[in-house]
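Below are two complexes that have chain A in common, paired first with chain B and then with chain C.
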Partner chain A sequence: MVNDPVLDPVLAGILLASISALWIFVGWWWGRNAHTVEDYMLAGRNVGLAVGTGTAMATWVTSNTTMVAPQLALQMGIWGMVGYSLGSIGLILFAPMARRIRDLMPNGFTSGDFVRLRYGIVAWRVFLAISLFYALGWLVSLGMAGGILIQALSGIPYWIGMTVILTICVLYTLLGGLRAVMGTDFMQAVIILIGVVVLGVLVVQNVGFNNVHARLAEERPALLSLMMPAAIMFLFNNLLFGVGEIFHSNVWWSRAFAFRQGVGFKAFLLAGIFWAPIPIAAGFVALAAPGLGINVPRPDMVGPLVAANLLGVTGAILVFLVVFAALASSLDSLLAATSDLIVEDVYRKHLRPGASNQTLRRASAAVILLLGALTWTLCALNLTTLASLLHFTGAFVASTIWPIAAGLYWRRTNAWGAAAAMIMGSAAGLAAYFMIGFYVAALVGAAVSMTIVLLTTWLRPATFNWTSLQEEGPVPDSSVAEPHTTGQQSTKLAFD
Partner chain B sequence: MISVFQLTLLVCATLILTAIAPITLLVLFFRDLRDGTVW
Partner chain C sequence: MIRFAGTVWPYLHTATGIWLLLTSLTVAVRPSTAQDVLTAPPVLNGGIETQRATAGFYTLSWNHPASDLGLRYEVQEAARAGFVSPRTIYSGSDLATFVSGKRDGTLYYRARARPAVSDPRYRWSPWSTVLAVTTAHHSRARAFAFLAVGAFVFLATVALIVVGNRANSETG
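Up next is the complex of A and B:
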């Protein structure tokens, strides 16, 4: 470690234990009435605007938003923080899509359901491979970020911090399903927003705009420049990566299915508007470091260092709470949504199409536990190569943007075009990742995928019937006889 | 290069929007609670 922790380990331990107990209790309380599989996996499909907006916003605020946005501001200046805030475009663009998803698929469960019904089995399996690979990469990177950040902030060993945050999220997701996740997300959104505002105002009060500007102009004028080509390139890559993440991931689709009719559009739009200023406010905190005379040995720790300098222990506690909320709000959502994808698309659709509500409810809990254990094992290895896995997935997720968007709005986009776009887009993006750099992987993946979707839609137009997206959900418990068919037979029945 | 005025404008607008966000969330939540539409 190159800098001392900003928080005393004993105090941090007490804080960690208290917030762990709080989130587990709140998760249990919010989710205590989740009895059916729809309650557990989709919060009863009746989530209101407040919780909907809070969960969409908090889930998209990851540890990266609160820790890497300040780092980018310190490395790429104004464009770094403004560029990062363009991550909100994905949420805003998803707003009309959420409304359409809810209208087209009133009984849908996952993003996999859509791809299967819209494009057939080949595209669905390609999509599942991309989606599960991305979800695992994000889970591992969040778990590792939890351990690393808690250690950097408080000196608590990596494996303890990582274990605690994973255990808490697994526990309350297990206890209350999506209601627990969304309820805690709402509270975490409020904590994150208040924490960021308090820090920003303190910087303005203590350092002032003139001082921040003068010190930057004197010591690092490039950070105030509006012409930084590398930052502009990064900005577009980041934008496409974010759009790809949101368009394809079941984290967002499960919310579109869970929000009450008429809520999805407003919730995602508001979440995008509320999310946009956070990286700029967090980035401004970092730009104040030269004005405060702070030596920054690790750029990703600039936020906590400025907070501790301005507010002492209170500042360090505030940052600890904000970072923990940011991590937990994304980790729980990802656990729930990935579990849904595995239960619905792998277990029910491949292995047990006749599974009852009760069986699916049990399978869902088992998958959450297994996912938690798998993530813990991979995080415990603490390999830096795993942490960079998420960068790697940029090529894959960007290649899904066009198949998903075109599939939702264009009748004429065909199944083979969508499958080819995802495969070729991923391959081209991956080649660009290794031959040029991480900052062009998503750009190339999205460009190749777009070209294939547009060409195949134009050359071989299909005539898709939108009503075929309206599939029935799991069979109610009372009318279910447990299936005795083999997996292969069952799969065939499900696709018929 | 961005001027002091532009920096002030950018950061103030950002902080105001960020401050409005939790208030809006809480107002929406209590409205949903009153109407029984939280879930």
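Up next is the complex of A and C:
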């Protein structure tokens, strides 16, 4: 669809190879001391504030932020941009929850552990289905974003870019688990922050607010309207989608378990504050497209296309680095967290309760490889746009907000109410997705789910004992006890 | 798609022959079928959302049977089906464009193609069949109803967390 790329394919290929080599090396370096399952899955539960804030922010700056935020600005205008930045609310609200999670479950491994212990088997299986479906949707969107980005900037075929980004993230996640993921995330967060600030300043200098406004008013007036109906409907939908993503996903729970005692609250709060302006800057880039006369063949390409056309080869390289860092930081986190969820909640809890640490570690590696392969296959089909794919999963994740939050704070919320809220919330959200539009799916799912949780808690209150959440994790193998000690010592050096 | 004009093999054994061969290659290596093929117009498509765009955005895409020849396209937009004062919204070799920010109403689109090489012998193809796209935004009442529901769910969630944390910190 794009026949006039800005970056020379050879230059793009060199960039791609260099970045790939860098991330694989950094992943190996940070993860080289991960000897035990706890080191591999939760970075030794000893992550400090700087790395904690960096990994939370970088993981949340993803294809959603760098490519879907511009897309939504081009689709929904000003509210699209502002609505997207409300995604930071999810991180900020999760800050107190992270502290609560760490207090209630000092030995917890996954978000699935919480749902199983809090609500029992039925709700746990419903939750796992939702969580794994969402994780796959997010993984596919990230792989697609990699392919689209490289194609938009260099004309290199979609499937090559998609294959490269999936391969390197699978490789370095395999090498070092969550420890490698957090180390690379920290560096990627720094690149993203600097890159987005530079890009925003360059766009304002080159185009100017007045030009952007004048062309939009002439050609796309509804984008400037604060009364655009779909955008008004989208505003809280996106907020609740983000809240649902963070509240339920093991990506965030694994960080809550991995952060040192007392770090979670500050890390998530700071990450939310740092993250909020990024979609505004990224979205503004998209609004400059009409003023610059740039053709946008598909809306999820708009960010890279504008930056590259406006700023030439330098801009294209900058966007390339920023978006690639954003994609990699989320893809690796998701691979690690989803593999943890599958290994802990499906493999160990359903199939091999007595599995040794070494077996779990091997299973974890196998799951990461399988997830990579499955994601590649679905990305290769290239079925839809990024925003549509992401917001399809919104119907599911928003239905988990109230079962999770009420489950953490209210003794009286009962298991059947939680399961029914997730099932009926998802169904209602999906119906809204198809009958009205992607911009209301999460909102409807969250509203229906909340209503069911409130009603069932009021009508059939339970009395939950919080100490039931304090379950021991996998028993350490004597064969790996020695490296575990060594690993923890070096963990403190690296992550303090 | 590429054909050589005339028979060149008898001249190959002489210098003149080689010169003639090169000349004939230069002159004759051309998309001679392009003009024939471009008697057909491109096909202009809208996505499923163009049947009734409720959010003011949609994607237009186009193609031509001879697109392998390297074609250039022009896409026009007009407020009336007769294209009295059309506006060119795209000119180039891409195969799609994303339209957004439209107010309620119907807009009409058409596309045409020509070989990308600048050669006066190549003219534009005829215009495609006109595609009509109607934008009909959701009603304000519906939009604000969703806004109110979203705000209520959000505030209730914040209250749950804030009150829950306060209660837990008080009870230790």
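Some observations on this one:
Assume the second predicted complex is superposed on the first by the 414 of 496 C-alpha atoms of A that agree within 3 Å, B and C clash if a C-alpha of one lies under 4 Å from a C-alpha of the other, contacts with A are read in each partner's own complex, and residues count from 1 in each chain.
Please note the rule applied: a contact is a pair of C-beta atoms (placed from the backbone, for glycine too) under 8 Å apart; a residue touches a chain by one contact, two chains touch by 3 or more.
Keep in mind that this is a model prediction, so the values were computed, not measured.
Residue contacts after overlaying the shared chain place A:I165 against neither chain B nor chain C.
Once chain A of one complex is fitted onto chain A of the other, the partner contacts of A:P221 extend to both chain B and chain C. Legend: residue contacts after superposition of the two complexes on their common chain; A:V61 is shown touching neither chain B nor chain C.
In the superposed model, A:M144 makes contact with neither chain B nor chain C. Once the two complexes are laid over each other on the shared chain, residue contacts for A:W410 go to chain C alone; chain B is not touched. When both complexes are overlaid on chain A, the residue A:M105 reaches neither chain B nor chain C. Counting residues of chain A touched by each partner, chain B versus chain C, the larger count belongs to C.
Residue contacts after overlaying the shared chain place A:I232 against chain C, while chain B stays out of touching range.
The interface of chain A with chain B overlaps its interface with chain C at residues 221, 224. Against chain A, in their complex, chain C makes its touches with residues 54-57, 59, 61, 90, 92-98, 100-103, 137-140, 142-144, 146-147, 149-154, 156-158, 160-165, 167-168.
Touching chain A in their complex are the following residues of chain B: 1-4, 7-8, 10-11, 13-15, 17-19, 21-22, 24-26, 28-29, 31-32, 37-39.
Those residues of chain A that touch chain C in the shared complex are 1-4, 74-77, 89, 93, 96-97, 99-100, 216, 219-224, 227-233, 235-237, 239-240, 243, 295-299, 302, 401-402, 405-406, 408-410, 436-437, 439-440, 443, 446-447, 450. On the chain A side of its complex with chain B, the touching residues are 43-44, 46-51, 53-54, 57, 78, 82, 179, 186, 189-190, 193-194, 196-197, 200-201, 204, 209-210, 212-213, 217, 221, 224-226, 260, 270, 273-274, 276-278, 280-281, 284.
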